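Chains: A, B, C, D and E, in written order; residue numbering restarts at 1 for each.
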Amino acid sequence: MDNTKPAGEDILRVEHVSNYYSDNGLGILRNRKRSQVLQDVSLTIGKDEFFGLVGESGCGKSTLGNAILGLIPYEGKITVAGLEHGRVSRKEFTRHIQAVFQDPLSAMNPRRTIGDTMKEPLMAHGIGTPKEQEAAVRAMLETVGLDASYADRYPRELSGGQRQRVCIGAALMLEPELIIADEAISALDVSVGSQILNLFRTIDVERDFSMLFISHNLNVVYYLCDRIAVMYKGSIVEMGTADAVYNDPMHPYTRLLLSAIPDYASEDDGDRALLERFRPPVEGACAFYHRCPHATDKCKKVPELRNKAYRGEEEHLVRCFYL
Amino acid sequence: MKETLLNVKHLTLGVTERDGSVNKAVDDISFEVRKGEILGIVGESGCGKSLTVMTLMGLMKDDVFVMDGQILFGQDDLVRVTPERRRQINGNELSIIYQEPMTSLNPLIKIGRQVGEPLRLHRKDLSDAEIDRMVLELLTEVGIQNPGQIMKSYPHQLSGGMRQRVMIAMASICRPRILVADEPTTALDVTTQAHVLSLLKRVNEEFGTTILFISHDLGVINRICDRVLIMYAGKIVERGRTRDILNHPAHQYTKGLIRSIPTRDQKGKDLICIPGRVPSTMDPREPCPFAPRCGHTMEVCRQTFPECRELAKDHIVYCHMFD
Amino acid sequence: MKKRFAAAVLAVLMTASLTACGGKSAGSSDAAAGTGEGGTFIYGLSTEINNFDPFTSTTADAKSIYYNIYEGLVKVNEDGSEFLPAVASEVTRDSDSAYTFTLRDGVKFHNGQDVTMEDVTYSIDLAIKSKINGFDNIKDYSVDGNKITINLNTPDIGFLAYMVQAIVPAGSDDNGELALQPVGTGPYAFSDYEVQDHVTLVKNNDYWGEPAHLDEVEVRFLADQTELLTAFQAGSIDGFSAYGGIVSQLEEGTYNPYYSNSNAVQVLALNNAVKPFDDVRVRQAVAYAVDADEVNELVNYGHAVIVGTPVIPGLARYCNTETADDYAVDTAKAKTLLEEAGYKDGFSFTVKVPSVYPVHVDSAQVMVNQLAKAGITMNIEQVDWATWLDSVYTNRDYEATIISLDGATAYPAAYLSRYQSDAGNNFINYKSDAFDAKYKEATTATDEDVQTGLFMEAQQILSDECCSVFIEDISTVRVWAPSFEGCADSPLYAIDFASVSKVQ
Amino acid sequence: MKKGTIEFRIGFILTGIILFLAILSVFYTPYDINAMDKTARQLAPSLQHLFGTDNYGRDIFSRAITGSRFTLLVALSTVGSCTVIASALGLISGYLGGPVDEIIMRLIDAVSSFPDILIALIVVTILSYGKYTIVIALCVTFVPSFTRIVRTATLQFKNAEFVRNLRVFGVSDLRILLVHIFPNTFPLLLSTIVIGLSNAILAEAAMSYLGLGIQPPTPSWGRMLQESQAIIYNAPWAAIAPGIMIVMTIMGLNSIGEGIRKRYLA
Amino acid sequence: MKYFIRKFLILILTVFLISLMTFVAFHVIPGDPARLILGTSASEEAVEALREKLGTNMPLTVQYRNWISGFLRGDFGTSIKYRMPVASLMHDRIPVTTLLGVMSLVLILLIGIPLGIFSARVRNTPGEHVLNFINILGISFPNFFLSIIFIWIFGLTLHWFTPGRYISFDRDWAGCLRFMFWPALSVAIPQTAVLVKYVRTAMLEQLREDYVRTARGKGVGETAILYVHVFKNAIVAVVPLIGMIIASVLSGSIIIEQVYGIPGIGKLLISSVTSRDFPLTQTLVVYIAVIIVVINFLVDIVIQIIDPRIRLSDRS
């Protein structure tokens, strides 16, 4: 079932993307050990939509992010704002998609001032004269809640939160249609992280852009995003609106994730039985087979993503036989 | 009132900056650790929580030194203990596990030998065979499936979760009176974190080991700690039973922390977060460090650090609002 | 007339070697004191001998050692006055172009074999095949029992000089064994050889002539004369030969010196084919600017004989000593000559000096200062020996160079032939019809006195046209440890170990 | 006191003295460096001749300080040219990787295992003598180690996150390489250059020692050492003077290198 | 396993490249071996005759091809200058240089590593600066300057050894060792100082790692931390440098052999190059290249043995 909406107003179309991580040695003799990371992933993000991608480390969410940014090779088709990879020059492609990464400290060249770094995208695409670029940088700093004078400071003089604001500002310089936020607040303290979440919301009001928000924290993704996809071992196991996935989780793995998040408000002694039951893994079975409390013989094949939403409601895809 | 195992009195720690000047990283904090409890210390980066526990273990970096205060543990004052005595205590009566499982184990020594090392040091009476047997037994207890094989392998061959279990085994093999856990689960996935937290709880219950648990995540604190201290910029601002602190936070900082956690009912609304940013040791400090960000700052807050106020049994706060 | 001529030649040689082996500073007369017998003498050599094939290796140091292993039909005597019969017991000169040698009986090779006529013919044939100097003049030879008569193409009164060439066992060099297993008839036999380290010679007990004093001589190869000095000071070698500059570092009285000429003339060779040295006035200006005495004093501590001609002072009879002060130092004259030649404010040139000869490099440094006084800037450029031989000597790609030129045999032609316009080894590109004519006249003269006069005139032409600046014949000093004495010298640049003995 | 200050102090004092002497030698030397004097051979160090005189009566102090000028000149130009070449090679092979990296590294391996004397001989023969020939010869022997250092540094930065971000900005590879990666290698490059300088001085002295370096009568430390070897017994100061000058320079440079490493790289 | 095959092929390629470079060098450098042997007084014909005999009249490319085909069959050709098979020449020279190399290596490792560890141990104490100063002093003494000083003091004045008299090992092993000690020391001092600096830096870096903090947390004493935990990790970083030092001492220090008059590979190389002895130089250069390349190969293996993280996975 082709679960992608008509091309129309889609900003990002990911169709049947898979990729292989080959531990390729250097030089002539390659010992290609192909371990598969992404397995036939497809999703779309509409205009001005915040899409959450959640999963544990190693589930391939960052790999998908990098694939969309064109930083790594992959099979399948990715179209951003109507432009397909490969058909258009890398530089032209970056005009429409930018990114914010996890560690704000190593995200900027330590030897260049904030202003210089933020001017790089403009210079790369030849937008505006140096004076105009300077003005644009100062304006952007204000937009992300920093004093314009920070343009002349060096990254090491700023706190983690401030640096992340600069990164967001830099990502917005080209006014891209899509921003990939890969664990944007994971490295920050909670109080600072919340300020950044607020920043995303205020910016979303002023300018329309879509965002693929990658995180391991389901609460944050639920708070910020319109639709959510849960990934496990390289494939999407559940995808739907934020409310549906968060309040009415169907896939056992999503339920396990939700139960495992320690909640400061819960009264019980916090030792809920984890919705998990270990069993020996079976080749070719559903990826979650060896941990799924409801696994049956049916689950020994890889299930398909099927829409399990009640009639009339938004689409809610689940990759599980049990339901 | 349970027996006090460890009593920190007016501890003040100084740090020598790059340019040679000295600042107070921890300023006159006092607290006690009671036998059998799990005491949490919560605070954002730069609040001095790690420095405090490192001082307790005598593992401070070269540029950190004790300016004042005592740490009474049994009949020893851990601040002025001799290196020989320190070597007898560490690993035997006091032990520690860290946040980064990746780098905390010696990459070139087999797991079995590293876990057994505390026994070789502190229990000269045991033979190698006995030590290996105890290591095997403990590794099984901490939930490692194939302990025999794991003992012969090297750290880089283990996953993050498994490594943290090995650290816990190593730290509790001599049945220490206090186990210090410095953000042990921050670097782990949420499901692995759940397992490790329940393991720590079991160590506390079965071995009766008192645990000093450092974290910046209130959810984790609620999940595992009996009592908790809230620290901000080198000072303790509030202390009490976990439930009391989370249900009826007294200090403005604690309230701000709780409010900035995105929860189910805040979706669609802006988070009320604490303005400004965490001061670094070099920034000038008001007597009450939180004054600039408090929102309820009074004149007195800028003159003296508030006295300790007891709101309820075992729940105290340092804030002029309660004068 | 012929006999008188031969006597004259020998007389010349005698005077040469006498001066060469002049007074020992120790002042004792050279009447051999009671010479001790036996003992081992360690001699240091500043180059290494890499093979002992007398037919191919003709470097000076190699020859100085062969002298003790190989012997020719005749042998030059201690003071070079005559060619004594050696392997040949008797030598008769039938005519200017025919000589007869009778093989001495009872002469043994080191491997115990008797020397037969077959060995002699084999050796002569091998010399011809290896194109050894002088053997190309042999037309043929005839053997009659133990006598052999050699006939020459053109008459050559000095032919005997070539007959010192080694006599080796027949077939001993068919596939080059001689290079590493030399077998001769000399007073010392080859014992063992370690590449780049040493060669040991042992006394040949059944030597036909007067046996040697020392039982064993070890010749050690060291990197350069500096190391010889250090080794001698450390006592690890008993003797070595070096230039005056090195030897004078030793304290007086801690050594027995034997001074002799190196039988080679140090020359500042100017490439006549290269501007500005194609102008004779410029060459003369350089000659006047160079102060040979100061070079001698500074570099060799005075141990050298100043010359003005390529012919070595050792050949006193033929050496034109007047030329020595033709270009005595006169900086003013040098400047005027330069002005005439159009170089009012001087000029600069590069002298390529072989780095393997520190004495030439140091002499160059002295000359830099001297030439600077006349406004001439000389830049020194060191080249390694192979590069010098190839680019300077063979391809003549240089402006100036400093080298010592020796002769293959103790005969004036050997020192003058290179200045003929068409000579293969005329590396200074000197073209002078006057000299060519004079040289041809001299070499074909049949009367000795006439020939001597012609050679003198030829040298005067070289001096007048100042083809290059001839400086000095640097003395080599043989330095023995106090416990050794005796140093028979010979114009053939040989070290006769047989004459060395322990002091009683 | 900041880290590395002691090393910097020792380093600057020592190199300072040498530089001062080198500059002084341009304007004034107690004696003409080539003036030979028969009567003043091998005089011991005294007030007239601070370091004594050599075998030809030349003043060793004048020659030593003038020698420092030539040796330093050779060392500086060697390291300068070598840094330019090695940086280019290191950046390209580090950044591009793949076949280009493979070829460059194989060439580097070959040149580094090739005996230096042969390299020197080839260069000296092709270009004939002169100060600059020895610079090129030394440069060729130094490029391998320099390139390896720059390549490792480039590899480190190539995988740094800020480089990935720049690529996402659409910045061209060339600009990333030259404007962003290269400046970041400066601290490491600086300490390598300083260590390179001291090695260059050692190498120049060694080459002169073998007769391949700076040509006489221009004094250079290596040449003076070689000439002193013959008269070591009677005039040891002829060897000690240039030797001490070499030791002081290298100590100074190494101390500065250590200071840089401590302050910027540690 | 594939990793080792690939590494091996690269070795062969590098050595061949070096041999090619020597061939090119000989094409470029002027100088004719025959003329070198016969000197200035020999006539042109005599030189031609000798070229004939030695086979140097053939073009260099032919000589190179013959040398290679011989080399592959294990016959390294005959030395032009010494007229003996290159193999036997090498046979005498290699033990001399190897002895010198091994002696200096023993000094370097036995002094360098413990001193390196000790100077890491005395960090942040006055002792550290003293050791640092001595170390930098050691680095600054060029080995040929040291040689001259040793010859002057211990050779000529104190007569602890007689310079200029190399005693071969089999003739008098005690004398040989006594003689060779001084050149070994001249080679060892600067290299030891470099090794001490590297070991110290590697140790200090490792001391900052987290696992050291864990060890201290277990009550492990400072000595045990240095020698058990940190040393093994530090050595992994220092092994490549040790490899370089081994390669350089085994390939013969040209100047030291020249100054002390030791008939080793270095001295032979100089004489073979200056006398344009093509087969000998080729063999020597290839021999030195093989040493360096093999030692680098061994370094890789040793690192893989010590550090399991790199085992068989390709280390870029």
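Things to note:
As a convention for this text, a contact is a pair of C-beta atoms (placed from the backbone, for glycine too) under 8 Å apart; a residue touches a chain by one contact, two chains touch by 3 or more.
Predicted, not measured: the structure shown is a model, and the values here were computed from it.
Contacts with subunit C and subunit D are shared by E.
The greatest centre-to-centre distance from subunit A, using averaged C-alpha positions, is reached by C. Between A-D and C-E, more contacting C-beta pairs join the chains of C-E. Between the Cα centres of subunit B and subunit E there is a gap of 54 Å.
Centres computed as Cα averages put subunit A at a distance of 91 Å from subunit C.
Here the spacing of subunit A and subunit E, counted between their Cα centres, is 55 Å. Looking at subunit E, one finds that residues 10, 29-30, 151, 156, 258-259, 316 touch two or more other chains. Multi-chain contact residues of subunit D (touching two or more other chains) are listed as 121, 125, 229, 232-233. By the touch criterion stated above, subunit E contacts subunit C in their complex at residues 29-33, 35-46, 49-50, 53, 81-84, 89, 92-93, 151, 155-156, 159, 162-166, 168, 258-259, 261, 263, 267-268, 271, 274-276.
Residues of subunit D touching subunit E in their complex: 6-7, 10, 106-107, 109-115, 117-118, 121-122, 125-126, 155, 198, 202, 205-206, 209-210, 225, 228-229, 232-233, 236, 239-240, 243, 246-251, 254-255, 258, 261, 266.
Per the touch definition, subunit B reaches subunit E in the complex via residues 57-59, 62, 83, 86-92, 95-96, 98, 100, 103-109, 117-118, 121-122, 154, 156-157, 167, 170-171.
Within the complex formed with subunit D, the residues of subunit A that make contact are 26-27, 69, 71, 90-91, 94-95, 97-99, 101, 103, 106-112, 120-121, 123-125, 167, 170, 174. Partner subunit B is touched in their complex by these residues of subunit E: 124, 209-211, 213-222, 229, 232-233, 236, 306-309.
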